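The two complexes that follow have subunit A in common; it is paired with subunit B in the first and with subunit C in the second.
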Partner chain A sequence: MTRDRYGFLLLLHAEWTKFRTVRGWVTGTVAAALLVVLFAVLAGIGGGDGGPDVPVGPDGGPVTDSFYLVHRPLTGDGSVTAAVSAPRSSLPRGLADLRPGRVPWSKAGLIIKAGTRQGSPYAAIMLTGGHGVRMQDGYTRDTAGPAGAAPRWLRLDRSGEEVTGLASADGTHWTRVGTVRVRGLGTTVLGGPFVASPPAVRGMGTSGSVSTAVFEDLHAEGGWADGKWKGEQVGPRSPTFSGYPRNVAGSVAEEGGRLTVTGAGDIAPAVRASLPTGGTLGEILTGAFAALVAVVVIGTQFITSEYRGSLIHLTLAAAPRRGRVLAAKAIVLWTVTFAAGLVGAAVAVPVGGRLARASGVYVFPVAFATELRVVAGIAALLATASVLALAVGAVLRHGAGAVSAVVVGIVLPYVLVAIPFMPAGVSNWAARVTPAAAFAVQQTLVPYDQVASVYTPYEGYYPLPPWAGLGVLAGYAAAALAVAAVLLHRRDA
Partner chain B sequence: MSPTGIVVAGLRKRYGAAPALDGMSFSVRPGVVTGFVGPNGAGKSTTMRVILGLDAVEAGAALVDGRPYRSLRRPLNRVGSLLDAAAPHPGRSGRDHLLWLAHAQGLASRRVDQVIEQVGLAPAARRRGGAYSLGMRQRLGIAAALLGDPPILMLDEPFNGMDPDGIIWMRAFLRSLAAQGRAVLVSSHLMSEVQDVADHLVVAGRGRALADAAVDDLVAAVSEGRVTLRTTAAPHATAVLVRAGASVVAGGRDTVTVSGLPADRIAALLGAGAVPFSEVSAHRATLEDVYLELTREAVEYRAATSTEVRR
Partner chain C sequence: MRAALHAEWTKLRTVAAPRWLLLGAIAATAALGAGAAWAAASVDGGATTVPSLIGVRLGQAPVAVLGVLVIGGEYGTGMIRATLAATPRRTAVLAAKAVVLTGAVAPAGAVAVLGSAAAERLILPAADGPTPRAIGGSVLYLVLIALLGLGVAAIVRDAASGAGAVLALLYLLPVLTRAIGGPRWLQRIGPAGPDGPWTGLGVTAGWAAAALLVGGLLLHVRDA
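== the complex of A and B ==
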């Protein structure tokens, strides 16, 4: 058994020697790595317009923090209560025509926030257009409250850094929705009613909306400053705020103790559709696609060239156990391509990111572990695709045919995934069941349930988790290798 | 004592409906050069691929040292082979081509340089394979076959594409390999290429061995009962002998080959008929005759072969 294993090491050595002694394959692999870097540099110096700063939340992620706030200062502890009507939303139809419409995540409620600076900490309880009562804080956290019909009574209690949200159907019997600790709130905060109305998803895009809600029986207890409630648009000019529809603006009107508040925008994490100018690691690594074509060609040639010159006879005469020859080729090819891809991506990601930021592009921030996953994942994608190409080459035994087959098998679905205007159903299907699913390894954006948006592969959101997507490609490669091994065994060489 | 050499027994194989091998059987012994001759399509290359475990057969077995090739460990140390058109990758140098092969067998790269010297390829060893002439590729193929210093060598059409110097070198080289005690099987579709080098001959036709014998025995068998007659009056002589029941075939200038009558009876008949003749002797067939005699019926496409023979 040990002698057997030694024999396999010899085969690995032989296949490595084969690979490194064909200059075209070595330079092609190096070129693939360089392509990854080159595209990253081009993407980096492509530059942006250097617009206003992207607001950033307490955890460093980009946020949308633009909404209509009606506020008074609160020093120390206190609470605010109101009966809130469900927000009524309007969407633009045509150029200047607003029509009533559904915006499920329109928000009307009460908020306590450190200040009007975008990205400052807050906690809020609200009635939504389609998701009932919610308590939210820190931009990304969202807790569901009791279901039921509007109008609802809402209350927010502040005690130090702790904020408790309560909801009631009658103003007497209260249900606690949640208590959150809001770090960095400070002693004096702003608080009061607010209305937000995020863009609504329409087909393959989003369009701005505006919502209005009525607040009754508004009263504040505790350390609130005296004076009138003051209406103000938070974050009126922000890259994550698409503004109001034409001829509408945020407003508050008081009439007999009833406040009618109109607002647009959102208090939420920024997603791709709300920050379309933001860059992602996936865009920095566009060169991976060009590299893919290169490694696919090398992968097929690694075996089909042996058939073209009947070198395969000598290979199999030297190693009659054919499955092992295929395994040795696959291991050598995978390792070499992985190494090249790893170097390319490991250089491209920091260089491209730095260049992009230097030229004024906002790049969606990524945890170091995620960055490592993307770099290693892209390398594994290239390596696994090359092994798939090798297997198809072993089945078809013809270079051009195998290259076409693999390019059609990976590139075509990738096109379905990566071009805009592709219906989400089609691109999500392609990103689930075709080898192009592997591009999920480069996803860095996070979709949020509480943010209605266009979550398609083109926008940087894949239907499968990163490693599962790579697993789909690996599955294709393993199946193709199995078929290749059976045929190699059965067919005359 | 374990059997040495190659034993091929009853190989049968079909490509679609056409039989490629139809009971091919022969053996290759150590210490001699065995010529494997036959027209194109006789099954020589297929047989060699079967011996190397590259092609499967429907019936029969090919054994190397008593074992199927596929069960050999480090097979190149047992059998060295050169198959038709063995070509390195056009982008790989001849030396690198041998290097991966050496690595596959656990051989040192020193051995690569030795065989390169042995086949006289040293000046071109670092050139890309794509730039090699057919003759250089044949030398490279021989080097690959010798790499494991194997006791058995199997070379398919090694003379193809070689210039006259190369052919002379190759013949001497094959003889020296056999003299070292190796079993050497050399295929060719041209009798002339192997006639000075083979001790033993396997003549293939229509997928089977038409003959498997020592060269001397084959020549004797074909010569049996034939008489060479040298005469300036061939038509007259032919008429006389045919009338006496002999069959006569025209030979070279002024000679005919007669069979069916002993030499002394021929001389008497010609003397009685006053036909002039200068010589009556036992016929000595050439290997070419043997080949033609054995393959006459086996040649499937006579016209095709005759052009190939002139290639």
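== the complex of A and C ==
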């Protein structure tokens, strides 16, 4: 071992000794970990208001499965064809006043579904308000069809578990949009026209809409049961369906072979705006904010207290290469804070999640690997924030100023994006360039192209991928450390 | 008391930090207010309502830090011993600090809030703009936040911890209580108030008074 490296190990040991022998810092670090756990427990037992179960799709994720279905049973193989007009949508303005509006993902088309139970498997071909012909299945899969103007002839062809969607501009020349294998469809299924009309994004929120479409030339071939087409609202009461606007209901009317169908709702994966009662890991880990302030105070004091007590003279006399003193402090601080944060988050996530589920809150499901990423990410966030505080403390040599700068720099952008009025552009910008970007590590929700919604940090959707967000904070910490090293070198202590 | 006031005023006016913090509070309040109004105007023609005087949420941070520094800084440098030797009546020291702090924050806060209101009116002429009552309330709110900082720093006797504690009260309590979702009263007890500065003013005043009371009591009882 070279003398140099041995010297650095001694330096690390010296800084570790300083840290562990100040009772306030040790208590503060332990308290930070406990705060993470405490708030997870409080969030867990806060509880929900019960209510109906959240519908769950074939792959276990929460779904919206509420729409107006006009159906007949189909046993075995068969197909259904119709000429579908583009859905016309209406949005409420004020109380009980519907005005025509644009709902890009309103859907009118044909569906084959295992049953009317919410979350049951299906495949559908549809004409949308603003995205042309689509074929969708399994709630999350979406395929674009040929472009062109409405009306469109659509056909759904079922053969065993395979469902093929076709589209045509004239009813004679058909284009295949897709063939999908729908598991668990069963022998007898329901099929026919449907209309769905998801909430439209308006400003910073969403508001319910309703859409109407006309189906002409409807005919069914194969094993369809005889009888009339029967209209029914699938999933009328559901946590993922906010219901119809006032004074409107789903309906079907027949007149001279034309079916006019009105419906609301959606067939899609649930997102935060459509399942507002759902909890996320980020909410269970809210205690990280409290812990953040504690570790920032400790990180700052780790250097500013040396100036106050003039211990810095002794420290720098013992280790004249000042940059290495700073590096040793940063390493010790990062490691200790990371360990404390890791323990806190590793206890908080399973405990908080279990308590929340036990008290009737639906928690958005996450893979185990994601859970690990969130736990390690929160620990890294706390550790990196404390190093940033150390560096800012070394630059300012002033405890209160450094604490305020770091807390305001990290927490205030988060508080600002947490104001629901904040325009999406502004909050996404804040969650991209400020140190608060690091909160992306707790993201567990996935945005979907085929679901128009409010994807803002407030709703739990961050513009940066998890580790990139943490990288932004690490960048700030590294820059601050570099400035601190230069100033420490230049200035008299 | 008069001498104590004069001493505190001299201390406040001859150091650079208070001036910068107050200027920072003015700039932050006006800048965030203007930024939010501009963002709302550019998104959908001003149809979105921006909470009026939102800039106060940023401007309160430097004001709180100033409150913390007025006594926390003295503990850091050991100056507090000289102060208490000169004015043995400790509650008088704290009272003088509170008065001087109020005198400094009130005019700066008025400039900050009026600047923010003017910026909002310029950018969003269609909006109603803040009422005189809201403007007055926001200035009072900033004063109370400074006093809260003073009280908390007198309790913890350290500038860094004091700043951490006050900022946690201001920014974290709303986030935490909302996440817990618990009883409604819990969401109303934070010093930053439930829906903006004006409505929660009574609560803010309660916090400031409690912090000053406890701080004064501890200052009286403990050795410095």
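As a convention for this text, the second predicted complex is superposed on the first by the 491 of 493 C-alpha atoms of A that agree within 3 Å, B and C clash if a C-alpha of one lies under 4 Å from a C-alpha of the other, contacts with A are read in each partner's own complex, and residues count from 1 in each chain.
As a convention for this text, a residue touches a chain if its C-beta (ideal position, glycine included) is under 8 Å from a C-beta of that chain, and two chains touch if they have at least 3 such contacts.
Predicted model only: the values in this text are computed from it and were never measured.
J.: Does the subunit A-based superposition show subunit B and subunit C clashing or fitting?
T.: After superposition on subunit A, subunit B vs subunit C: fit, no clash.
J.: First (subunit B), second (subunit C), both or neither: which does A:Ala493 touch?
T.: After superposing on A, A:Ala493 lies in contact with subunit B but is clear of subunit C.
J.: Is A:Val293 contacted by the first partner subunit B, the second partner subunit C, both or neither?
T.: second
J.: Once both structures sit on chain A, report the angle subunit B, subunit A, subunit C from C-alpha centres, rounded to the nearest 10 degrees.
T.: One gets 40 degrees for this angle.
J.: Quick one: is A:Leu314 in contact with subunit B, with subunit C, with both, or with neither? Answer first, second, both or neither.
T.: In the superposition, A:Leu314 contacts subunit B only.
J.: In the superposed model, does subunit B or subunit C contact more residues of subunit A?
T.: C
J.: Going by the contact rule set out at the top, does A:Gly401 touch subunit B (first), subunit C (second), both, or neither?
T.: second
J.: In the superposition on the shared chain, how near does any CA atom of subunit B get to one of subunit C? Answer in angstrom.
T.: For subunit B and subunit C in the superposition, the minimum C-alpha gap reads 11 Å.
J.: Do subunit B and subunit C touch any of the same residues on subunit A, and if so, which?
T.: Subunit A residues touching both partners: none found.
J.: Using the touch rule from the top, collect the residues of subunit B that touch subunit A in their complex.
T.: Of all residues in subunit B, those touching subunit A are 49, 52-56, 69-76, 79, 81, 83-93, 96-97, 99-101, 103-106, 144.
J.: Which subunit C residues qualify as touching subunit A in the complex?
T.: Residues 17, 32, 35-36, 39-40, 42-44, 47-51, 54, 57-58, 61-62, 64-65, 68-69, 72-73, 76-77, 158-165, 167-168, 171-172, 174-176, 179-182 of subunit C touch subunit A in their complex.
J.: Please output the residues of subunit A touching subunit C within their complex, sorted ascending.
T.: Subunit A reaches subunit C through residues 39, 42-43, 46, 203-204, 283, 286-287, 289-290, 293-294, 296-297, 300-301, 304, 308, 398-404, 407-408, 411-412, 414-416, 418-419, 421-423, 425-426.
J.: Okay, in this complex, where on subunit A does subunit B touch?
T.: 3, 6-7, 10-11, 13-15, 17-18, 21-25, 305-306, 309-311, 313-321, 492-493
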